[in-house]
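Each of the next two complexes has chain A plus one other chain: chain B in the first, chain C in the second.
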Partner chain A sequence: MLNDRGFAFDPTSGETFQLSTTGLRIVRLLQQDTGHEKILEHVIEEFEVEPNTASRDLADFLLSVKQVGWISE
Partner chain B sequence: MTPTLRLPYIRPTLSRLNQGPVNPFRLGTSPSCPDIDGISVPELTREHGSPLFVFSETALRDAYRAAHRAFSRRYPDVQFAWSYKTNYLNAICRVFHQEGAIAEVVSGFEYEKARHNGIEGHNIIFNGPHKEKADVERAIAEGAMLQVDNIDELLHLGEITKGRTEPLPIALRVHLSTGVQTVWSKFGFSGDDGELQQVVRRILAMPQLRLVGLHCHIGTFILEPEWYRIAAKKMVALALNAEAMGAGPIRYLNMGGGFASHARLHFQYLPPEQATPSMDRYAEAICDTITAEWPQGRTLPKLYLETGRALVDDAGYLISTVVAVKRRTLHDPVATALAAFGKNGPATVAGAPSQNALVLDAGINLMYTTTWYQPRILPVRPCLDAPTPTTVFGCLCMNIDVLREDAPLPGLTTGDQVVMHPVGAYNQTQSMQFITYRPAVVMTGPGGQVHLIRRRENLEYVQEMEVVPSHLQNPE
Partner chain C sequence: MNPPRLILSGLHRGENPQPGAGLIKSIRAQFPGAFIIGLVYDAMESGIYMVDGPDQVYAMPYPTSGAQAYFRRLDEILALSPADILIPTLDAEIELLVHLEEEITRRGLRCVLPDKLTLQRRSKANLTELANLCDVAVPDTQPIYDLSGAYAVSRGLEFPLMVKGQYYDAKKVQHEGELAAAVSRLAAEWGAPVILQKCVDGPEFNALGLGDGKGGLVGLCCIRKTILSDKGKGLGGITINDPRLTDLCERLVRELKWNGPFEVELILDEKRGEYFLIEINPRFPAWVDFPSQCGANFAGALVRRLLDGVWPASLPTCPAGHFYLRHQIEVHGHVNQIAELAGTYA
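This part shows the complex of A and B:
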C-alpha cells in the first residue's frame, strides 16, 4: 500500500518505507508496468536532472526496490 | 511548443522506517540554508568557488557585545582578550579588537600577529607553556602581561630580569579541581595541593618579580556554569592567600575561556539550543562569586576573560558541494567482530541494510573539529523530502575522512550544495593543506558586502617554503 506522500506499507513483511518524491514517481511508473528505459525518459522529462545523474540514481533506486522484494529484476 | 515545467530533482530513495528516526506524517520540512546573512549561497560560491568558509561580521560583533554585556552589567572592571589560537585570521581579530578586546597569545608567532594588528604590548596577555627567550624579552620590553606556566619559565624569567630596579609584574597560571572530569593539569601550577604557594614563596625571594595576577583555564566547551563558580571561589581564596604570604596586592584574576558555542559534541544527547548555557549563566557564576568572596570594602580585582570559541564558532560556515553519491552498506557490529576472528562468514552480506552517503569537495583536513563535534549540515536547496540518516564523506583519499556518520539529510545529488555550521572556532588555525588547496575565506558585512579575507591557496603558495637542491633542479 502506497499513499501519495510516499509512505509505503508492505503487507507481506509488515514493514513500512518512505519514498522520496522522485522515488514515489518511479514506483508509480513501475506499478503501471513501465519499462526501465521509459522510466528514465519520464524522470529526465519531468525533473530538472542531467541524464547521467538520472541514469545512475535510477539504477541505484531499482536495486533498493529489488532488495525489498517489490520487483524481481 | 510550450516548454514543460520540470520539477526540482530529488534523488529517488527508498528508506525502511524504523521506530523513531522518521515521522512519515511530518514530511516536506527538511530544513535548508539557502543564504548566509541574506546573501545567496550559490552567489557566494559563484564568486569565490567551493568549498568556501564564510564568516558573518554581524554575528561576530553580536556575540562579542552579548558576552561583554553579560559580564559588564554584573562586574565593574571586565576586559575580554581575544584568544588568537581560536581563529587568528587578521580580519577576525580586528573585528574583536575594534569591539574592545585586547589580545591573548600563546606563542611568539601569535604575539607578532597581535602587534601587526595594532595591539600594543601592554594590551597583550602572553600565555602558553613555551615562550622563546627572544619573545619573552620583547614582551617584557613592550610591557605585555606575562602569565607564567611552569617553574622552568619562572626561573628563566628570574635570570632575564636579574638586576631590574623596577619589579616585573607577572601572573601565575593555576589548574584547579572544579568538577570537570580530568583536571586540565597541563596548564600552570596546582591550586589544590600547595604547589602554587611554593611558587609564590619562590617569587617572594626574587625581588625583580612581583606577582600581580592569577589565571586559570578549567577546560573547553564547559556545559556546566557551576564549575566556574567553584573555580572563581578557589581563585579568590588563592589570591588572598598569596597576599597574606606577602606577595602584595593581586590586581587581576583571569578566568580563561572554555564557554561553549552552539556546536554539538559527539554523543551529546540534547541539541545545542538546550545544552549550551547562556552567557548570562557563565557571567553570573563568575561575577557573583568573586564579588561575594572578595573582602568587602576592597576594590575588586580586574577580571580578564579569554573567551574564544563562544565568540567565533557560531559566526563561521563552510559551504561545500556534493561531488558523488553512494549507498553505504551498514555492517552489523557483531558480525564484523566475528568476521575479524574468521567466524560466521563475511561481515557484509547481500541485502544488508544500507543508507545514503555523499562525498563532498571538503575533507576533514579543513574540519579538524569534527573529531569532537558534529557540525549541522543543511542543504542549500529547500527539499520537499524527508531527511534520512546520511553518511557525509570528505574528499580525501583516506577512509577516516568522514564529516558526519548520520547527518539527517534529504536525498541530495551531485552538484547540490550544503552548508556546515558552526565551524568558526579552530578550523582555520588547525586546518592543514593536504591533497587539495585550502579554500578562500570571506566575511559578509552588515550591508550585504562580501569581503575576501583569505585567498584560496595555489601551487605557488604551497611550494613557497620548499627548496630543491641543485642536483635535482634538472628533472632528467
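This part shows the complex of A and C:
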C-alpha cells in the first residue's frame, strides 16, 4: 500500500515507511516501469538537483527500496 | 440453548497483562448472555473491576498449592456458581491441569487442553528438538539446572544472552557478572530448569492460533510487534500476511497436533531473512481480543467448540494492516470489594 502522501505499508513484513516527495515520485515512476536513467532525468528537472548529487541520491534510494523488497533489480 | 456459564482466569492487565479481560470482551461479543466467573489469585487483578467484567469473582489458591487445593476450591465455587466451561489462561494452571482432564470432566466442566506429552514437547527446554523436526530455525537454547552449568553453557553461547524462567519472565544478560543473579532469581521464582538462549536481534512477530487437535488450524492471526515495553511486551502490533510465517506455524501445529489456543513468538533475523522460533505458549495471549475486532473471534470459536463438541468452520484471515495499541485507563473499585476477596486466598 502506498498513498499520495508518501505513507507506505508492507503487508508481508508489517513495516511502515514515510517517503519524501522525491521518494514518492521515484516510486511512482518505478511503478510505471520507467528506466533508471529516465528517472534520473525527472529528478534533476523536477526537483532542480545538481546531476551528480541526484545520481548519488537516486542510487542510494534504489538500494534502500531493493533492500525492503519493493524492487528486485 | 441457555447462555453459556464459563469460568476463566488471568484477569490482571497493567504492565504484565494476562488474557482474561480480553477473553471476556471477545466472549461477550459472540455470546452476549454469557455468565462469566473469574478466578483470581490477587484482589488487585485489575480485570475484576472492569466495566462489563466478570459477573462473579472468586479467589483461588495459587496453582503451586497443588491439584487437591485447586479442585477443593473449585468445588466450593461450583456449589455457589454452577458452570459448564473452564478456560485456564495461565501457564502454571495449564501445567497443573494438563493431566487432570478426568477431574475436570467429572465436575461437569468442558475444557480444551493439550495432552501432557505435547505440552512438554513445546516447552522451552525441548524447543530445539521440536524446531529441528519442523525445519524451523531456533536460537541455540539450553536448559541449565545449576550455576556451574550456567557458566559452562554461557561460554558456548556468548554474551549477551537471554536467561528465561521455565514458565515466564526473561532477563537479557550482558556479561558473565550478571549471570548468577539472573539465574538465581528465575530459578527461585519458576523452578528448574532455567533456560539460556542465544540472542537474536530483529523485529518480533507473534502468531495466535487455535489447533484442532488433529494437526490442522481453526484460525491463525500473525502480527508484527510495533511497540515494545521494557520487558519486551507488545504494546502495539499490526497484522501481517507473510506466507512463510503461516507455513511455519502450520508445520508446528501439524507436528504437535495441537489442541486449543496457542501463541508462537518469533524474531526475524533480517540479515538471513529467516524467522527464529523463540517460544510457543500453550494458551491465549493478552492481545486475544484484537483479532476479534478484525472479524476473527478466537475465544468465541473455543467456546463454540466446547458447547457443540466440534470445532466451528475456520476463522476468517485477519487482513494485513490492522493495528492495536495497548491503552491503559483506570478502573474503579471500593475497598469493600477487596475485603470480600481478602482472607481466603487473594
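To be clear about the criterion, the second predicted complex is superposed on the first by the 73 of 73 C-alpha atoms of A that agree within 3 Å, B and C clash if a C-alpha of one lies under 4 Å from a C-alpha of the other, contacts with A are read in each partner's own complex, and residues count from 1 in each chain.
Methods note: a contact is a pair of C-beta atoms (placed from the backbone, for glycine too) under 8 Å apart; a residue touches a chain by one contact, two chains touch by 3 or more.
Note that the coordinates shown come from a computational prediction; the quantities given were computed from them, not determined experimentally.
Consider chain A as the common anchor and indicate whether chain B and chain C clash or fit when overlaid.
Partners fit side by side after overlay.
Of the two partner chains, chain B (first) and chain C (second), which one does A:Glu15 touch, if any: first, second, both, or neither?
Both chain B and chain C are touched by A:Glu15.
Counting only touches as set out at the top, which of chain B and chain C does A:Val65 meet: first, second, both, neither?
In the superposition, A:Val65 touches chain B alone.
Just chain B (first), just chain C (second), both, or neither: which does A:Gln31 touch?
neither
Put simply, what angle do chain B and chain C open at chain A, by C-alpha centres, to the nearest 10°?
For this superposed arrangement the angle is about 80 degrees.
After lining up the shared chain so the two structures overlap, which partner does A:Phe7 touch, if you call chain B first and chain C second: first, second, both or neither?
So A:Phe7 only meets chain B here.
Counting only touches as set out at the top, which of chain B and chain C does A:Gly23 meet: first, second, both, neither?
first
Looking at the overlay, what does A:Asp57 touch: chain B (first), chain C (second), both, or neither?
It touches chain B, and chain C stays clear.
Under the stated touch criterion, name the partner, chain B or chain C, that contacts more residues in chain A.
B
Quick check on the superposed pair: does A:Phe47 touch chain B, chain C, both, or neither? Answer first, second, both or neither.
After superposition on chain A, A:Phe47 lies in contact with chain B alone.
Rounded to the nearest Å, state the minimum C-alpha distance from chain B to chain C in the superposed three-chain model.
Between chain B and chain C, the shortest C-alpha distance works out to 5 Å.
Counting contacts the way the document defines them, which residues of chain A are shared by the two interfaces, the one with chain B and the one with chain C?
Comparing the two interfaces on chain A, one with chain B and one with chain C, the shared residues are 15-16.
State the interface residues of chain B toward chain A in the complex, per the touch definition above.
Going through chain B, the ones touching chain A are 4, 6-17, 22, 24-25, 27, 325, 327, 351, 354, 384-386, 388, 410-411, 413-415.
Would you pull the chain C residues touching chain A in the complex into a rising list?
Touching chain A from chain C are residues 203, 205, 223-224, 226, 238-242, 268, 320-321.
Show which residues of chain A lie in contact with chain B when the two form their complex.
Against chain B, chain A makes touches at 5-7, 15-23, 25-26, 43, 45-49, 53-54, 56-58, 60-61, 63-65, 67-68.
Report the residues of chain A in contact with chain C in the complex, numbered from low to high.
Listed in rising order, the residues are 1, 9, 11-16.
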